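Input: a single structure, listed below in structure tokens.
As written, the chain order gives the labels A, B and C, with residue 1 at the start of each chain.
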Amino acid sequence: MTRPRHGLDRRHFALALPSALLAAGCAAPRRGTGRPGDPIVLTLLSHYSSGALRKALQDPVDEWNATHDRVKIRTEAVEFTDLLTTFMVRQAAGRGADIIQPYCLWTGQLVRAGVLRPAPPEHTAEIRRGYTAAAVGAASVGGRVYGYPTEVQTYALYHNRRLLRAAGIDQPPRTWPELTEAALRTTRRDRYGNMLVQGFGLSSYDDSTTVGQTLALLNAAGGTFVSADGRGTAIDSPAGRAVFELEHRLVAEGASAPGVNVYQAFPAGQVAMVISAGWWTGSLRPLMGAAYREVGVAPVPVPRAGDRPATLSTGFLLGVNAASRFPREAWEFLRWLNAERTGAKGVTRMSALQVSVGSLTGRADDMRALLGTGGDPNLRPFLDALAYAVPEPNVPGAQQAKTLLRTNIEALWTGQRSVEEALRSTRRQVDQEVSRLW
Amino acid sequence: MVNTLAPERAEHPASRARPAGPGLAARARRRQTVVAYLFLAPTLLFFAVFLVLPLGFALLLSMSRWAGFDLGDIRPVGLDNFTGLFARGSTFLTPILANTVLFALGTVAVALAGSVLVATCIDRLRFQGLWRTLYFLPMVTTVVAVGNVWKYMYEPGGLVDGVLNALGLASVAFLQDPHTALPAVVVVQAWASAGSAILVLTAGLKSIPRSYYEAAELDGAGAVTVFRKITLPLLRPSLLFVCITQFLTGLQSFALITVMTKGGPGDATAVAALEMYRQAFSYGDWGTASAAAFVLFVVVLVITLVQLWVLRRKGEDA
Amino acid sequence: MIRRRHRLPWVSYLLVVSGAVLMVVPFLDMVMTSFKGPGEAGRLPYRFLPRGFGFGFGNYRAALDQLDLPVLFRNSVTATALITGSVLLTSSLAGYALAKLRFRGRDLIFRLVLTTMMFPPFLFFIPHFLILVHWPLAGGNDLLGRGGAGLTVSIVALTMPFLVNGFGIFLMRQFMISVPDEILEAARLDGAGEFTLWWRVVLPQTKPVLVTLALLTFVDAWNEYIWALLISTADPGVMTLPVGIQLLQDHVDPTRTMPVVMAALVLSVLPVLVLFLLLQKHYIRGVVLSGLK
């Protein structure tokens, strides 16, 4: 399963989760009492289930509840790995939350299943106006907008400056030949062949380290995963072949060790370069302490000098359940949370919330206002990437397609399939799976 | 799975009773009928709602497209879901169904080999009850505990790698490596089910007459010869029974895999029942999920029938 | 020849004991880990014993605090009790009717009961869920089973698919057949009703089988995971012990919180293990009777 992770800090609080869930399950009536005069209670289901994320969302919700008498919001949360199943099962059980925050990848599936309601015209206009094209695209299906984009992640190249310097490299690579050369030169092994430093971290640890990296490189090569009409995959293209060949070469020549968990190895100084999303800065900083100074972030390298920069963006959106009895009230709350500007910097509550936990939103002006002075300079490349990033596909079946791509990438890395076989079988499997859904 | 025996004819008490008159007997029988159906009412009601109705529902769904939310939206599509499962590029046949069969076969092989060895040895020892109890502990433990304890033992820094390192061998990332993940889970399933296999085999061993062994000993046959020429052939019915029932259990089980690997890495441990769960409850494709369930059901049914046939024939031989 | 007889038990002992160690070590590892301190579990090189048992108290308290064990225990106990009670009642009633009453359709019903055992549980997974969701006039549903959550929001949902057990009926019937008819006839002539016969005469005679069936059902219900996972996803309020612990385990950092997970596992496994060790004769007989678990 996917897991766009939000920092290791979340894990430390994960223990409190089941009890929090139980409390949520047992708490107060779900949709108000139904008596006139009693407040309407709207439920909000997200994956902000523990630690800083939970608190960051709860603060504005408490503020809303304190200042609004007629409509109250109650938050519910599950871990990201359980989020899609929870949406589907609760919807099937007739008790889906009024407001949900799905991963953009699932938008197509949820729209098709009739879970998400299209945004009303005034909200659609607000969303189109306020967010970058990639963020709006990720929250839309077939040209219709289905919710407010919230958390946005873009992918860039993390590198360890100390390790690059030690190999005589002053600049992070900007092209694939430079990337390959830097990876090979930084790789170090002891005399028994045990890997001490991995040049480029390809890790089969989770979706974002397999599929996320691969799609970022694919986008940088000008390719896309899903074809323009959304009915199949475009992975079997020159760009796709180039990415698979690059990864295959890095593994074959020993510069990458897919079995290693990069989330542990990079902070430990055992990985020179790795492509990952912006949220990671927030957990690397406390984890690495003083050593974080050596961490740099650069745009994802492109195949040839002079190619247009591109990378992958992923994200979440807040939408309203088609089964909610109070859609107007729910959209009003979402506007208040995502579009109303407050505070000295004049940013939205969602932007402030996301930046406080080390993430971004698709509101470029808010991001510039919040990150402009001080802040981690390493977040800058992720912010810049908002302008040119390609949103992760969100057609129906996108989650299945992503899972199939991941298995094929892993088969390529472990040598079970050649580049050609991996491309062909990805195309066959994804096309079959997606075609079933049309 | 349970061994189904052919129904035995029960004694009919009323037929032997000597009633005072024909009218009274009829009335007694009528009353017994009423009482019997009263006693059976909860059971019959349950089977109607939770067996017959679901079977129909599952069949309907397997030939429909449905997102799972509104009963009015069920759209019939004929056999599309089934053809989809076996279409070119579908992962259902390989690796999913293949994994399922490998998992079941592997479990049977490991559990059977281990339990034959242990059962024959236990048969010669004192404190047989104690040993059997120890081997039985995993059977009464929740799959969540079994799965997590083993998952943790397979982790880097866990017991298994600790033992390997102590023997001078390199660590293996059992559950992270697609080549070792399925065998690693198979070992756990076999570990957990060995206890009951030992139990059945012990019962089989006890039914082999002592005199056979004594005769063999007089002939000066070695232990291996005795095992090969006497124990194994006479144990065949029990072995067959264990084989088939374990195989059936293996085909259906996905709780252990859910707990340990969730089907990963990649789809190295994806099995059919897990795929069914995912298609329905994660991807909202209830039609495909139901079709997958039926395909697996057919496999299970065929093996059950083979089991019944084999066991019945065995009964005739005896 | 004499030497061989002496040698063989040693080989046997070696095999059986090392096998037994293999069976028990995972449980011991679970207990040992539950006493390890922060950062101690998962550290290289592996050590079986904890450095001290001092951390155990903290781990078990953390498990009690963070899991809300009282609620999980309450749900597990309620569901298990409902299932066990219902299976005992329905099995002994139906078993009595099939063994000792004469009526039209008896063989057919008995064959039906046997047939139910052939259907694998996963086949009913999806339809059972749908039937509970669309249960008429429950949980806000209308007469056609639309509009609400049906029975999925109550603890009953955890138990519904397990309330009647074909094997239980089969087992009770097989044992009730051996109750002598003469006793029943004598009681009938004395004017005793069938209900009285079942309760006063047959049940006391089949007590050992009832205990066996109760144990089998209890262990299965207590350990059930997949169905409980589904129902708990729909309604976290009815989460059972295995589901709660798995949820905890899915999202922990192994080196840091694994001891707490292991402590929770020990707590969840203990009641069944103790019960099994006390009543293992009954349980093992049940497993033999059911062929194979």
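Keep this in mind: contacts are C-beta pairs under 8 Å (C-beta built on N, C-alpha and C of every residue); 3 or more make two chains touch, one makes a residue touch a chain.
The shown structure was predicted, so the numbers you read here are calculated from the model rather than taken from an experiment.
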Moving step by step between touching chains, how few steps can get you from chain B to chain C?
1
Quick check: more C-beta contact pairs in A-B or A-C?
A-C
Chain B and chain C: spacing of chain centres that average the CA atoms, whole Å
16
Whole-Å distance, chain A centre to chain C centre, using C-alpha means?
41
Mark out which residues of chain B touch at least two other chains, giving numbers and ranges.
68, 70, 281
Can you list the residues of chain C that touch 2 or more other chains?
130, 230, 233
What parts of chain A, by residue number, touch at least two of the other chains?
85, 89, 92
Going by the contact rule at the top, pick out the chain B residues touching chain A in the complex.
67-70, 73, 84, 87-91, 173, 176-179, 262, 265-267, 281-285, 288
Listed in rising order, chain A residues that touch chain B in their complex are 1, 84-85, 88-89, 91-92, 109, 112-115, 204, 259, 323, 397, 399-400, 403-404, 406-407, 410-411, 414, 416, 425, 428-433, 436-437
Using the touch definition from the top, list the residues of chain B that touch chain C in their complex.
1-5, 7-8, 10-17, 29, 31-33, 35-37, 39-40, 42-44, 46-47, 49-51, 53-55, 57-58, 61, 68, 70-71, 114, 117-118, 121-122, 124-125, 131-146, 148-150, 152-153, 155-159, 161-163, 165, 191, 193-197, 199-200, 203, 217, 220, 222-223, 241-242, 245-246, 248-249, 252, 254-255, 258-259, 273, 276-277, 280-281, 286, 289-290, 293-294, 296-297, 300-301, 304
Of all residues in chain C, which touch chain A in the complex?
62, 66-68, 71-72, 129-130, 133, 139-141, 147-150, 152-153, 230, 233-239, 244, 247-248, 250-253, 256-257, 260
Spell out the part of chain C that touches chain B in their complex, as residue ranges.
1, 4, 8-9, 11-13, 15-16, 19-20, 22-27, 29-30, 33, 41-48, 89-90, 93-94, 96-104, 106-107, 109-114, 116-128, 130-131, 134, 144-146, 160-161, 163-164, 166-167, 169-170, 173-174, 177, 181, 184-185, 188, 193-195, 198, 219, 222-223, 225-226, 229-230, 233, 241-243, 245-246, 249, 254-255, 258, 261-262, 265, 268-269, 272-273, 276-277, 280, 283-284, 287-288, 290-293
